[in-house]
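Read the structure below first, then the notes.
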Amino acid sequence: MQFSSDNWAGAHPAIAENLARRATGYETAYGDGTLDKTVARTFSDIFEREVAVFYVATGSAANALALTSVSKPGGLVFAHREAHILEDECGALEHLSGGTRIFPVDGANGKMSGEALRAAIDRFAGEFVHAGRPAAVSLTQATEAGTVHSLDELAALASTAKEFGLPVHMDGARFANALVSLGCTPAEMTWKSGVDLLSFGGTKNGCWCAEAIILFDTARAKDMAFIRKRATQLFSKSRFISAQFEAYFADNLWLRTAKHANAMAARLAGVFRESGSARLAWEPQANEVFAIMKRQTMERMFAAGAAFYDWRPPYGFTGSIDDDEVMCRLVTSFATTEKDVDALAALIN
Amino acid sequence: MQFSSDNWAGAHPAIAENLARRATGYETAYGDGTLDKTVARTFSDIFEREVAVFYVATGSAANALALTSVSKPGGLVFAHREAHILEDECGALEHLSGGTRIFPVDGANGKMSGEALRAAIDRFAGEFVHAGRPAAVSLTQATEAGTVHSLDELAALASTAKEFGLPVHMDGARFANALVSLGCTPAEMTWKSGVDLLSFGGTKNGCWCAEAIILFDTARAKDMAFIRKRATQLFSKSRFISAQFEAYFADNLWLRTAKHANAMAARLAGVFRESGSARLAWEPQANEVFAIMKRQTMERMFAAGAAFYDWRPPYGFTGSIDDDEVMCRLVTSFATTEKDVDALAALIN
Amino acid sequence: MQFSSDNWAGAHPAIAENLARRATGYETAYGDGTLDKTVARTFSDIFEREVAVFYVATGSAANALALTSVSKPGGLVFAHREAHILEDECGALEHLSGGTRIFPVDGANGKMSGEALRAAIDRFAGEFVHAGRPAAVSLTQATEAGTVHSLDELAALASTAKEFGLPVHMDGARFANALVSLGCTPAEMTWKSGVDLLSFGGTKNGCWCAEAIILFDTARAKDMAFIRKRATQLFSKSRFISAQFEAYFADNLWLRTAKHANAMAARLAGVFRESGSARLAWEPQANEVFAIMKRQTMERMFAAGAAFYDWRPPYGFTGSIDDDEVMCRLVTSFATTEKDVDALAALIN
Amino acid sequence: MQFSSDNWAGAHPAIAENLARRATGYETAYGDGTLDKTVARTFSDIFEREVAVFYVATGSAANALALTSVSKPGGLVFAHREAHILEDECGALEHLSGGTRIFPVDGANGKMSGEALRAAIDRFAGEFVHAGRPAAVSLTQATEAGTVHSLDELAALASTAKEFGLPVHMDGARFANALVSLGCTPAEMTWKSGVDLLSFGGTKNGCWCAEAIILFDTARAKDMAFIRKRATQLFSKSRFISAQFEAYFADNLWLRTAKHANAMAARLAGVFRESGSARLAWEPQANEVFAIMKRQTMERMFAAGAAFYDWRPPYGFTGSIDDDEVMCRLVTSFATTEKDVDALAALIN
């Protein structure tokens, strides 16, 4: 009954095996090996256009360096108030970019409201030197709330950004979960919707450590090579990332693991939807489920071996939580089993 | 005949296998897992004292963050003129530490001369605000020249640093190669010699990606946790590093792979020592061999499939190189075979 | 009828004259001159304890460098949502400190509410590495809303900071205006109330360019010397600042100019209080007056030669503003005359 | 007998008077005042083309921010080994630009040798990610050695920079001294010789505090506004700089003060040239004189009230200095009198 986070799981066996298979023989270091090049081509195939791929160590690195590459002195990045870059990265963007600030934008369920985004950018659009100037819009897909922007929502937010001449970054730490939730193509969910830079995450969906910055404008690649290197994010044996992605993409493993995780979340949501002692905070669309229950229910479940986090209700949350209730977050992954979900269900009721 | 670099090899089979073995089950993320804690204790055992261990993605990260943790505004780090932090890290320390500069210190064979180090620190010891002030001494073991500081040499350099109140950092990207070359203990080569912070590298010696900052003063650990996180170097599934180190240390694998690499380098050195068409630039002590040969000899070897780099002779080099000669660097690793060396030998002669 | 800002005025004649008087003769550069030392002693006298004084070019520099000196990796500074460091300094603190973030704290009339401050710090007090950790509290006296913290309010906010072990910074761009408003001593308004670092502003109150960082803990001075120098804020002919402060403090000029500015603001407030076509947004306590009027009234006044800014109502503002109304800010200074105020009054009514 | 530095003098009376004259009345803050605009036009007139002018607090600020504006991730600036940015600015460029490094280039008398500059840039021209990449060339006019690049020398160095696509920055802390030494126009000594960005210093030549970044490519101005503001270098009452420059340029005051300082240096050089107990280290061309004398001569002069610095002989110095001799630096300014020089002459002999 382990629902703490999708990064508590290990690696999918197919990925672990491929790492072992690729362990022998020599390859050019620092990203120029044969396997590196093959996998880079796979990325271009998947996105249906030439892309530039830069592996980095963490999703935070992908976010901070992608946004650094489009920031500028006095720059502001607009992101949802609950975005990972704002809440969970310890000031990495501010630190690595030389002072870029993140301006919080409100909106329900982890998505910036279009109106709030426009108002936020507009406030700085005069490029008044004291206030700083707009540099980029960053959105998260799937969101931190376990919801997924529809293609229309993505296009609308990106269109607002473009109106002000701003590049759009997507934090795709749970890219695959969103993708299979929408049932669209990677191209549709990114550059066809106006996304310019992508943090493509594999770690939460079955890899050990596989995060990549995807640049849809390959002209940005030259600068990115130096941005990554000076941030000490250039792996020497980069093949160990390529080998993970090779297995990740083979036979659509990544889509299968994401579908599985989402299905487990849906099953879990069903449990809460029908439960008398807990309720869904909102409808999940990917692999995170937020529920509200009495604190003593939560504690009883912890005591029985269930693992998940209680969670600060997000700023935009309009539901009601009684004083003796808590909001909880439960996350599923490739490793979650029906048995896990059912055991939890038995506990709740 | 692959001698380009020790990071062109893959991973040792025992390490790859352990990664696969550790892929299943759940572990607390971000370094707090059971395996993480077990391996942390192993580090303390190996160093014969309580140490704080921080995994990072690259050796450059270990260097930059370790030195950031002891730097200060206007700080200067003293390092050999050919040090990796100065020559090969794209300004990472300057970038990540907010402007710390590296002052180059001369010395033969990759080692700072004690006299030059003292003069360099002394020049800034007045803490004249325009010039900046001494912050740390960084030395490399094994050096970039494939040589190894003796324990006496380490202690002498560290003693000079301590005289001026400066912490000592060791770049141990090839720590194991130096260790088995000296035949001493890890404790002797580090804190017993005056080293305060260590970049402990496993990648070049058979891991995929296994680099750690070792703090011998555990009081520094609190700050380091934030320094690492804001630099986006905190792995979520840190177990994938722990699993590598677990196998690395098991049955002294790390010492065996290092001994093997050094032995292959010694065998290679023998080839050059006895060759009529090439000669050693200086005596190697670890797993890098520097040789001088005619450019046409090098090119003939390249054409025959040998792989290594020609190399800019270091500042301190006092030997002679004719106009039609080049200096070359050949690196061995756990994966180098006697057959590789002998094939190269056959080519030279 | 110039009420745009107190930095639109020039310099008080006594200050301009003293600059001319001090223009001849030689003085040691970089802050070590005789006059520099004399003025430094004056600061210690004024604050009734030994202080360390560092001149810088702007109030933003004083704020950013003072807070840099007490920040740390992953650090958060708590400040009012409308604080100058958050709204008007273009990310200077984030930039110069290597990524320190500012966490906005709510509260009416430019003052953090004690409860909101406590809740904000408490949220980060666990020093959870992803979220960052508390580093300092910064408050503004007089506030950006033209109000003044009472000594009790200062002590209460500082006490909350101290409870969490945090240093307290005061942005005193309008220090003198607050001081004469309270009628207390500089010591009472700073270290006796728990303030550790002060941005002491003279520019808005009659100097050309006279801003200083005051450290009440002189042990911080050594680091600050390097922090200032590497930020390129160390003046060579620092005597030109000392000469301004010399005149500023002579015969209590600074208190007299501040009292005059405050009196002009009070007179202006009276105009709005009694006016039928405009009203005070809240009661002013220093030299800034915020009023609400019909947009057409404002435009009529602009057309007649009055100069001031319309102003975005602050987050905490609970009054009502009709759709055809605007909030306006009017600032007085040493140079404001009764005639100016009366001319404006005639215009309004 | 005050020859310590040109920044030990105060301000020229004409400048002090103009500051007093401009102290009254209101002006738009932050550089948009009438006087600011007038003086900006004067700069364009002086340079015979439209330039963008940005006042900053110090020469170090001008250097660091000008170079920041043309740097890039992994960037290297090439400058003379004795350049102020390398020796005397406490790592400001590294700090403020996010890690730009300065690569020292050798050359006699404070001037980079053309050959050494070409070799230095060429070493990094491959844009190898580990080593960093060339970003700019910075030269100092007049040099730190008190010499002056001829127009041909400037053009040759700039031409080498341009060959590699690099912008050229000139540190003109002693711009006027060089200008009158060459007897050319400001345009000839800058953009007509290939200079793209200029640190224009007025402080050492008679101002209190008057330093400006001059951009010959006005398209860079937009970014510079934010670079300056986030570095806390935007003066509110910028009129106090404009008033200084207004007087500085009026009736060619700046050229007269520079000519005077240079003439005093020439007179001083004559003293050393003819002296039996001291000798010129090299021929001065601006307002700094370097001489070699016995230590006891120097100490005798100090005891008699002469003030100047003993000086570390520069790297490129090929003259001989006996063990009992020291190199000394003596600087003249607008305030130096013939009487001062003659009194020193009397002391030496």
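Labels for the chains are A, B, C and D, by order of writing; each one numbers its residues from 1.
The working rule: contacts are C-beta pairs under 8 Å (C-beta built on N, C-alpha and C of every residue); 3 or more make two chains touch, one makes a residue touch a chain.
A quick note: this is a predicted structure, and the numbers were derived from the prediction, not measured.
Asks: Relative to subunit B, which chain has the most distant C-alpha mean position?
Replies: C
Asks: On a C-alpha centroid basis, what's the spacing between subunit C and subunit D, in Å?
Replies: Roughly 34 Å separates the two chain centres.
Asks: Calculate how many whole Å lie between the centre of subunit A and the centre of subunit D, each centre taken as the average of the chain's C-alpha atoms.
Replies: 50
Asks: What is the distance in Å between the mean C-alpha positions of subunit A and subunit C?
Replies: Averaging C-alpha atoms per chain gives centres 41 Å apart.
Asks: For subunit C, give me the residues that contact two or more of the other chains.
Replies: Those would be 30, 74, 89-92, 95-96, 98-99, 129-130, 132, 226, 229-230, 234.
Asks: Among line, ring, star, complete and other, which one matches the pattern of chain touches?
Replies: Drawn as a graph, the chains make a fully connected set, so complete.
Asks: With touch defined as at the start, can you tell me which subunit C residues reach subunit B in the complex?
Replies: By the definition above, subunit C touches subunit B via 30, 72-74, 97-99, 127, 129-130, 132-133, 222-223, 225-227, 229-230, 234.
Asks: Which subunit C residues qualify as touching subunit D in the complex?
Replies: Touching subunit D from subunit C are residues 2, 4-5, 7-13, 15-17, 19-20, 22-30, 56-61, 64-65, 89-92, 95-96, 203-204, 208-209, 226, 229-237, 239-240, 307, 335.
Asks: Could you list, by residue number, the parts of subunit C that touch subunit A in their complex?
Replies: Subunit C reaches subunit A through residues 74-75, 87-92, 94-96, 98-101, 129-132.
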